[in-house]
Amino acid sequence: MEQMTIQTAVEQAAQTLERLREEAPSVHCLTNTVAQAFTANCCLALGLRPSMTDTANEVAYFVRDARALLINLGTLAPERRETIGIAVDLMRDEQRPWVLDPVFVDVSEPRAAFARELTRLQPAIIRGNANEITALAPTGDDPVAALAVEAMTTVMCTGAVDRIVAGRTQIEVLNGTPLLAQVTATGCAGAAITAAFAAIEPDMAIASLSSALVMGIAGEMAAREASGPGSFAMHLVDRLSTIRPEDLTNFARARR
Amino acid sequence: MEQMTIQTAVEQAAQTLERLREEAPSVHCLTNTVAQAFTANCCLALGLRPSMTDTANEVAYFVRDARALLINLGTLAPERRETIGIAVDLMRDEQRPWVLDPVFVDVSEPRAAFARELTRLQPAIIRGNANEITALAPTGDDPVAALAVEAMTTVMCTGAVDRIVAGRTQIEVLNGTPLLAQVTATGCAGAAITAAFAAIEPDMAIASLSSALVMGIAGEMAAREASGPGSFAMHLVDRLSTIRPEDLTNFARARR
Amino acid sequence: MEQMTIQTAVEQAAQTLERLREEAPSVHCLTNTVAQAFTANCCLALGLRPSMTDTANEVAYFVRDARALLINLGTLAPERRETIGIAVDLMRDEQRPWVLDPVFVDVSEPRAAFARELTRLQPAIIRGNANEITALAPTGDDPVAALAVEAMTTVMCTGAVDRIVAGRTQIEVLNGTPLLAQVTATGCAGAAITAAFAAIEPDMAIASLSSALVMGIAGEMAAREASGPGSFAMHLVDRLSTIRPEDLTNFARARR
């Protein structure tokens, strides 16, 4: 999308949401135990077909049927490392996309070392917050761009502003609400949604943009109905089930 | 209940709900990590006493106090297989009922092999969706009936129509809402409720019918209040806490 | 707080809530898989910074940054025992508080034996229900007081009335609602909140009182809005995000 205006990119992201609902892709999520249920519910609300089995002896059967894979490193049990290796290899063999969410690699050095190995295995998208991306990036002024270059992939850095870097393409998405940070696993669930978009849109910048807009705009809608983070989480799931392509084109706040 | 009319069966199911609330049975749930919290909350809402410890060295202490046991094969960690073996043996020794929910045996061959072993250990009820039941059944025109014969047990096949087969008895329950499939773990929680009914009603067809009606009718009530799957999940728990025997007799849509 | 009136104690508890919101302490939670998500959401609603990694090889990195630690013994995987040992040792080295929530030690003898070892490692607060405290206490008329003496610590016994014993200090808190017992993990989440208060208030009787008042009064507010345990859980999280120091002074029902 290097030559595209932001309006065109948003329109393409909106069409991608339409295809997502039609195709209802299966997404296998190797994710932390805190996030599993909320991630499954966000995926189901959007019409995706999530699965979550994280054992080494069974993961191949689930990945076989998955159009996309999420690798989230939260509560990383040692056995799950083996499972992740098997799952990533299978997706690479089939040339299907996988997304890396390097949760808390800024806190845990062993986890960061494992995440660095994974960044060399061509994730379609690396998605994390600024601290996490910085922990994985080579030194430099702009960790997001530096990691995108080094890992030769798309990097999505989430926060008050979501920033997407893919080659020379840069997009910033301003949609969202502070309530998203007051509910556990909204980022983890968002990364599963990013993986699903990566399954149906070959341009990873557009796939990332779609997922940022969906979570940001559904979040804004939910925030208007919420009385706190508890009701916000509930309304967010409801809005993910109803958000339409035209909501993306009407309410996107994005820039190149 | 071979000779019973469907009206009589529904009335008996309603009385079983009344006894369930009075007796508040303990149910030990060996279930997947995605479903644990929602299963516990659905059980608590109905007045049951759930427990969830899934380690081999402690499970006997929890099963000792349990009137019913749920074996759900989702996210099946290798250690949990040992735990399941211990728990099932204890329940059989005490002639207390256990329910098998063979999650995703249609996807994972090793899991299906393990589930087939379990079907030979006299589960009181096998409860799964059509794909799962078919994966376990011997070949034949009617997998539900074939599995019921082979495992010499009651089989409950869930879906838009829930079908219960126990010997020559067949019941179909039409209650429910598509929203039940849009929230993770409603089936898993439903199977825990089925196990609880099996603890207090010796006729497994009636126990299965009770649980199908409770989840289906509470689901219908919740759907009328819901704005999407997020609020539906919340209202479902609320309605499980208030559903009464007369709701079953008034709103049951069931047939032989 | 031995010489303090209950009014003064409540005022101090209210000021502690104010400091809690200002300081936003990090709390590492080694807790059961059923309770993880709800615990994280209750902590986030109060403005805390929770983390949950429970693997032996990574826990030190998370505990390093934690101002308080929760040890909850639910669904106690054998590996988590090693993790708990590492985490508790680190907190003791740094003289930072940790709270023990001995879930279901009244049911499981191996778990009770492990919990007894932990009580000798100077938890800042032991928090459990009457059955759990009794299972850990030496024989005697008053298990709560007996355990407080034996473990030389503060004991918080939760129930319809929460009772706090620290040396000669005794406090009873009458706030709360039966709905708290109808939602899974409210006690587990409450213990994480107790740990957070222990991080910012050196008097463990006041820290315990603060957490009992916060959960009890937020629970009462949530109960007034709820239609059952599902909506109660949602409103409870909302109310934890809005509860103010003056709510504690206005609505506390406590006595010496």
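Which chain is which? They are A, B and C, in the order written, and residues in each are numbered from 1.
Here is the rule we go by: a contact is a pair of C-beta atoms (placed from the backbone, for glycine too) under 8 Å apart; a residue touches a chain by one contact, two chains touch by 3 or more.
The model shown is predicted, which means the values in this text are computed figures rather than measured ones.
Engineer: For the homomeric pair chain A and chain B, should the interface be classed as same or different, according to whether the shared residue numbers exceed half of all numbers used?
Structural biologist: Different: when the shared numbers are divided by all numbers used, the fraction is under half.
Engineer: Fit chain B onto chain C over the CA trace and report the rotation angle, somewhere between 0 and 180 degrees, nearest 5.
Structural biologist: 120
Engineer: Measuring centre to centre with CA averages, how many angstrom lie between chain A and chain B?
Structural biologist: So the centroids are 34 Å from each other.
Engineer: Multi-chain contacts only, two chains or more: what residues does chain C have there?
Structural biologist: 33, 37, 233-234
Engineer: Give the list of chain B residues in touch with chain C in this complex.
Structural biologist: 33, 36-37, 40-41, 44-45, 50-55, 57-58, 61-62, 65, 79, 233-242
Engineer: With touch defined as at the start, can you tell me which chain A residues reach chain C in the complex?
Structural biologist: 32-35, 37-38, 74-78, 104, 107-111, 181-185, 226-231, 233-234
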